[in-house]
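Next up, some structures in structure tokens.
In the two complexes that follow, subunit A is the common piece, with subunit B as its partner first and subunit C second.
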Partner chain A sequence: MFTEKIKENLKQIVGSKNVDFKKSSLLVYSYDATPQFQSLPDAIVSPRNTNEVSQVVKLCNDNRIPIVPRGSGTNLSAGTTPLEGGIVLLFKHMDQILDIDEENLTITTQPGIITQDLIHEVEARGLFYPPDPSSMKISQIGGNINENSGGLRGLKYGVTRDYVLGLEIVLPNGEIIRTGGKLAKDVAGYDLTRLFVGSEGTLGIITEATLKLIPKPETKKTMLALYQNIDAAARSVSAIISNRIVPATLEFLDQPTLQVVEDFAQIGLPTEVKAVLLIEQDGPEVVVQQDMQQIAQICEENHAVEVSLAKTAEEAEGLTTARRSALSALARLKPTTILEDATVPRSEIANMVKAIENIAKKYDVTICTFGHAGDGNLHPTCLTDVRNTEEIERVELAFEDIFHKAIGLGGTITGEHGVGAMKSAYLHLKVGEAGVEAMQQIKNAFDPNNIMNPGKIFAKSERKRVVVSS
Partner chain B sequence: MFTEKIKENLKQIVGSKNVDFKKSSLLVYSYDATPQFQSLPDAIVSPRNTNEVSQVVKLCNDNRIPIVPRGSGTNLSAGTTPLEGGIVLLFKHMDQILDIDEENLTITTQPGIITQDLIHEVEARGLFYPPDPSSMKISQIGGNINENSGGLRGLKYGVTRDYVLGLEIVLPNGEIIRTGGKLAKDVAGYDLTRLFVGSEGTLGIITEATLKLIPKPETKKTMLALYQNIDAAARSVSAIISNRIVPATLEFLDQPTLQVVEDFAQIGLPTEVKAVLLIEQDGPEVVVQQDMQQIAQICEENHAVEVSLAKTAEEAEGLTTARRSALSALARLKPTTILEDATVPRSEIANMVKAIENIAKKYDVTICTFGHAGDGNLHPTCLTDVRNTEEIERVELAFEDIFHKAIGLGGTITGEHGVGAMKSAYLHLKVGEAGVEAMQQIKNAFDPNNIMNPGKIFAKSERKRVVVSS
Partner chain C sequence: MMNTKEKQKIQTEFKEKMDYDELLNCMRCGFCLPSCPTYIESGKDEAHSPRGRIAMMKAVVDGDIEPDEDVKRSLDLCLGCRACEPVCPSGVNYGHLLEQARDIIYQNSNQSLPIKAARNMAFEHLFPNQKRMIGFTSLVGFYQRSGLQNVTRKTGLLNLFPETLRTMEKVLPAIPKKSEMQNRPRYLPSLTEEKKKVAFFSGCLMDTVFMATNDATTKLLQYAGCEIIVPETQGCCGALHGHSGERERAKEMAKKNIKAFEDEQVDYIITNAGGCGAFLVDYDHLLKDEPNWAERALAFTKKIKDITSILIELNFHQLDLQLDEQIITYQDSCHLKNGQKTFMEPRQLLQSIKGVEYVEMKDASRCCGSAGIYNIVESEMSMQILEYKMEQTKKTNAKTIVTANPGCLLQMKLGIEKEGLSEEMEAVHIVDILLKAYENCNRLTTSN
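Now for the complex of A and B:
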């Protein structure tokens, strides 16, 4: 299928420097940040512009060759693994900011820019792009859009979807469409913009995006609240919201995670407590001051054993950076780290954390839990070793239980990481068979030859987690 | 097609009291708030629950009978007119709030509730549902969701889409699906929730919605800025945003609209000026005070001839109510009022207002312009008479020019009213033929028999505005 002629055609389209067939390169792009999923692509292709993307897509469509668009491969649901071979599409030549518009409060960018670089660019102009996935130091904005990435500021500011105003998209037939624009309001037909946000590269290739910006908050304060009891931490979360305060960030770390993060970051985090809330508020100085005072009081009323405000911006930055490093820190401990993102209504956080503890005990596996408490978006993280097949089976069963529990509490199987190949076997739990079918109809309508990131979102015939040995 | 047997079946499903075949009733539901579009349905059906909706839909699908879901019929794009006959579906029995959840900040409701009633209910608990279409006193939330309604607070708070967290939907095959939930984050598959928001009843019937709430702003202030020059008003809008202030409301009224609104509302609006900005800010007292001071200064720097703060809550309420009544006020003057909602990037407001003035002159028609300046969402409103076919032809040409101009300025054919039947002939201008085709593929996938609100969004073969004589 991947013939010499196709190789030649690819070289003609993007230039021979921008197609790579070397085994060593194919190996590099055979996996992403998700353990247990690996498969070799046939080529790595780096188009230089939308027109080249369109030609590559047409070639693939005509020849039934899979295409996997890939940002920096930080995906945690095996969403960027070339499970059926074909082409991995890189955006290293399409990484430019095209326009920052201070009157319309928008940024128009190519997909390949690093999220944090984009954030720095807009902040330098007193503007703000809130979505901040933990991977933002290396993730690309195109990947964020395809995954509808969340982050630590989701509680107050929403997720990537809430900031995408318009897209340029290459459809699976090679046609180029533009959706939305620098527009606060646009209801011209179906909302293709949001359909593509979070579609995990299965419907087309995003080649340009116009994103909404907001004014940068005047100031920010960061606080830690320590608990000897997970319930008390969860009650604090509920009480803060019930008191009509919506903090920018409201993160939870359990004791095992705290210990590991402190070992890694060495910034003096408390490791003797059962749970910590990391709380940030931003906005006008006077409002932040008032909110933080009230939050501190609410935490104390809910039996926080200590509440402390970061004294300097550096100390605050150290705390959030430590939180963002949780996955990296945990990953040092065992050969394999499997991080999930089951999400529940905020009011069910305590129930979910306790359920995770019980499930870990039941299957005798090690699970550390941290995450976005304000969003009900937890990251139960299992430390294991894929070579231990017997343990891995128990890990799989534990996660299956976690998904069922989350659904039972009114939650979802994935809050911000996407379905990918990893959770496709569980999608029906959340959306039902009729929901899966509706989604499949959209997929078939856009991509009848199933060339766009095949094997993702939709499970193969068998409703079971796909485990590919690595 | 609409046989006696079907009539009997409908009675069996919803009870004979809830099916109406009377000519007088059919006439009442033969039109909505859009002039020039009228067509008799075959029956008015009022199901009592989701299960009944499902059965009605199945019956219609099996017998190829069109269904037009209808809220209060305030639609301005002929979106709820039964152009191909069939059933008009009412939600008068499905108008209950099911749950207000103060911990998760959500409201779960049936579609038939009046928008303003919902807003009052949540505000009584110190919570806030921002989308506030001008029709909110009579519009239903189901209609708002189907149209992705905007409103006066869109600039700061976004539109209906930004508040819909989950839906219960009856698909055209009668299957019932649930999307989303009380969840801040959910990326389990394609975003069906946002696909259905703004789908104008063409993909399924929304039978329940979970909406996001936020804390009610502590206070609100309202200001009028008067101008003898439209450019100065537009420059003020740009300058406010460029100064990193995002007001809750930033409305524009031109002189003819002002005159008419004052005649109607009699609250002492200035009628001798060329343009007025109605500006509101909400939030913490101290921030609102500071923002309003700065906004006043910016308006004066940009040659406002007068800037005045409403002294009391009643005076402020009077001003926004007057603004909301603009359409009703204009509608008193001539037999026919055609209101459009071409939308441009905020920075192009002055160009668009001038273009509308020139187009009105060119075609010798009367157009008053008001709208959401902060959103770039204008409402050029033509006062005419459908019985004057010669003038109506010029009106049609004028609006065609307005759509082309909006697109030329990077805008869209509809900011918040939807495509409906009225603008279907222009959809390709915004999204391109490939975009229309992509949308049509979604429609075909969900509704292969085209029973759901047929004749809306997608134009018939000819690319021309459909004019149905009334």
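Now for the complex of A and C:
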């Protein structure tokens, strides 16, 4: 299928420097940050502009070649693993900020820019782009939009979706469309912008985005609340929210996670307690002060053994940076770490934490839990070893139970990592068979030849996990 | 080009020798990517990132790909700066994996005759033998002093060499005379109240080309209150060998050094070259499979300390130190920072000098591109990396760039020369500038 002629065509479109067929190169784009998934593509292509993207897509569509847009490959649902081969599309030449509009408070950018670089650029102008996935130092904004990434500030500020105002998209037939704009209001037809945010590269290629900015909050304070009882920590979360306080960040880490994070970051985290909450509030100084006092009081009422404020901005930064390393730090303990992001209404967080504990016991597996407790988005992470097939089976059963439990509590199978290939077998649990069918019809309407990131979102068979060994 | 038989041999040895647990320890999160100079300079090519290189090693073990020229290319282009290690939350020992992989590839591929001869000459005959090192470097010294250098420069004979080597020829310090290199002190008393007894690891290049810096190091130690022993039987640390796929030879050199130092009753073994120090502290890993040596190696590594670290311990920074008013910036030695975790100490020392305004450059901890012999064998990438480094240096308006490793020192000198800045900027080793700062004040007090 991937003929010499197609190779030649690709070279003509993007220049021979920007097409790579070397076996070693194919190998390094055969994975993302998801364990157990790996599959070789046929070519790596790096277009230089939208027009070239359009020509590449057209070529793929005419020849039924799969095409997988990829940022930095940090995603956690095998969303950028080229399961059916084809082209992996890179955006290394399309990484420029096009415009920061201080009158409309928007930024227009190409997809290849690193999230944190974008954040630095806008913050230098006193502006704020809140979505901050843990991988923001590495991830690209195009990837964030395709995955609708969340982050630590999701509780108060929402997720990527809430900041995307407009997109330039190359459709699977090669047509280029523009949706939305620098507009607060726009009801002209279907909201394609929202449809494409979180579409996991299955509907088209995003080649440009206009994002909403807000004024940068005046101040920020960071606090740690320590607990000798996981349940007490979880109850504090619900109590804070029900007291009408919405902190910018409200993160939960259990003891094993704390220990490995401290092992890596060496910043003096309390490793002797059963759980901590990492709480941040930002805004006008008076409000922040008042909120933090009240939060401290609520935590103490809910049996926090200690509550302490970070004394300096550096100390605060150290705490949130350390939290962002949690998943990777857990890999210190076992060869394989499998994490999920089942999410429940925030009022159910204590029940979910308890359920996870019970499920881990039932299947005799090690599950560490951390995550964005404030928005009900937990990251139960199983420590295991891919070589131990018997245990891996139990791990999968445990996660299946966790999904069912989350749904039972009014939650979802994935809060921010996406369905990808990892959770496609469970999508129906959340949206029902009819829901899956409706989504499939949308997919077919845009991409009748199924060239856009095939094998994602929709399960191919009854198999629980589409495990592809390389 | 590698032939099929070589590839098979390499693949088999990968399966047998690579540490598979360590390979699995990489969970592919990508946190290493922004720290990797070759990933950045290659325009974010995953094949030139730590994550990509580990994936390739694992794929060779798993039999998914062959260890072809492209795999070798990717491993060759790695600086070995290990900037990926401190940022890796999973704690992957990338440096160890790289050494293992390079060793297997180099020991099992047939290199072209000239390369083989050059490697053999350098790795087997020159570096392991300090007498030959002295002989060789004194030839360079003769070249510099005899007028031959002038003749060569004038005749354009140097134009036959690649540009990097030509510039390198210009920035090489004046080599001491052979007789000076042969008669090195073996014992030095403390010049103040004695606080510690130390042994000095003098190194191969440091004790020849950079002999003056070694002398400055022992001077500083004497001023700081150290009695110093310099064992005669020590030799090259073996880092160049270890990083270039010559592990067995590196092991021999490690054993020689352990023997040379283990009978000395000292508190520390002091080094002044980040690259050597990081390799010395890793001897226990290098010799982990040799029952007679593992424990002795561990005892040795526990005593290794960089000069800046002991100076801080002995409160040298609280003494009077002064220089002419100037801006100073510091370029981290990758291996001092990533291998020995020493990075605050040099900064603290420089900041305590009166007259000095210390300005931190952006990305000070990013490799300068020297990386052993990398700047000669991978000149193009090395110069690209150096260009970025010089941009950042220039922004600080520093008069002096301070380094803590001979390779970095030469590379920064090279950068200054290339930028045509030799009038307004100089690169120095940290001990040279500290000694000057100390003796400035000392002379002041004695003249009063």
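Please note the rule applied: the second predicted complex is superposed on the first by the 468 of 470 C-alpha atoms of A that agree within 3 Å, B and C clash if a C-alpha of one lies under 4 Å from a C-alpha of the other, contacts with A are read in each partner's own complex, and residues count from 1 in each chain.
Keep this in mind: a contact is a pair of C-beta atoms (placed from the backbone, for glycine too) under 8 Å apart; a residue touches a chain by one contact, two chains touch by 3 or more.
If you're wondering where the values come from, they're calculated on a predicted model, not measured in any experiment.
Of the two partner chains placed by the overlay, neither subunit B nor subunit C lies in contact with A:Glu168.
By the touch criterion defined above, A:Asp42 reaches neither subunit B nor subunit C. With both structures placed on the common chain, the touch criterion links A:Gly73 to subunit C but leaves subunit B unconnected.
Residue contacts after overlaying the shared chain place A:Glu52 against neither subunit B nor subunit C. Of the two partner chains placed by superposition, only subunit C is touched by A:Lys23; subunit B is not. More subunit A residues lie in contact with B than with the other chain of the pair subunit B and subunit C. Shared-chain residue A:Thr337: touches subunit C; no touch with subunit B.
In the superposition on chain A, contact is made by A:Gly415 with subunit B only, not with subunit C. Shared-chain residue A:Ile442: touches subunit B; no touch with subunit C. Once the two complexes are overlaid on chain A, none of the subunit A residues touched by subunit B in the first is touched by subunit C in the second.
Here subunit A touches subunit C in the complex through residues 22-25, 27-35, 72-74, 90, 92, 114, 135, 137-138, 261, 263-264, 325-329, 331-332, 335-337, 385-386, 470, going by the rule given at the top. The touching residues of subunit C, when paired with subunit A in their complex, are 21, 24-31, 33-34, 43-47, 49, 51-52, 55-56, 59, 62, 64-66, 68, 70-71, 74, 88-91.
Across the complex, subunit A is touched by residues 101-105, 126-127, 147-148, 150, 154-155, 158-159, 161-162, 171, 175-179, 181-192, 194-195, 197-199, 203, 214-216, 238, 241-242, 244-246, 283-284, 286-287, 290, 343-347, 372, 374-377, 410-419, 423, 427, 430-432, 434-439, 441-446, 457 of subunit B.
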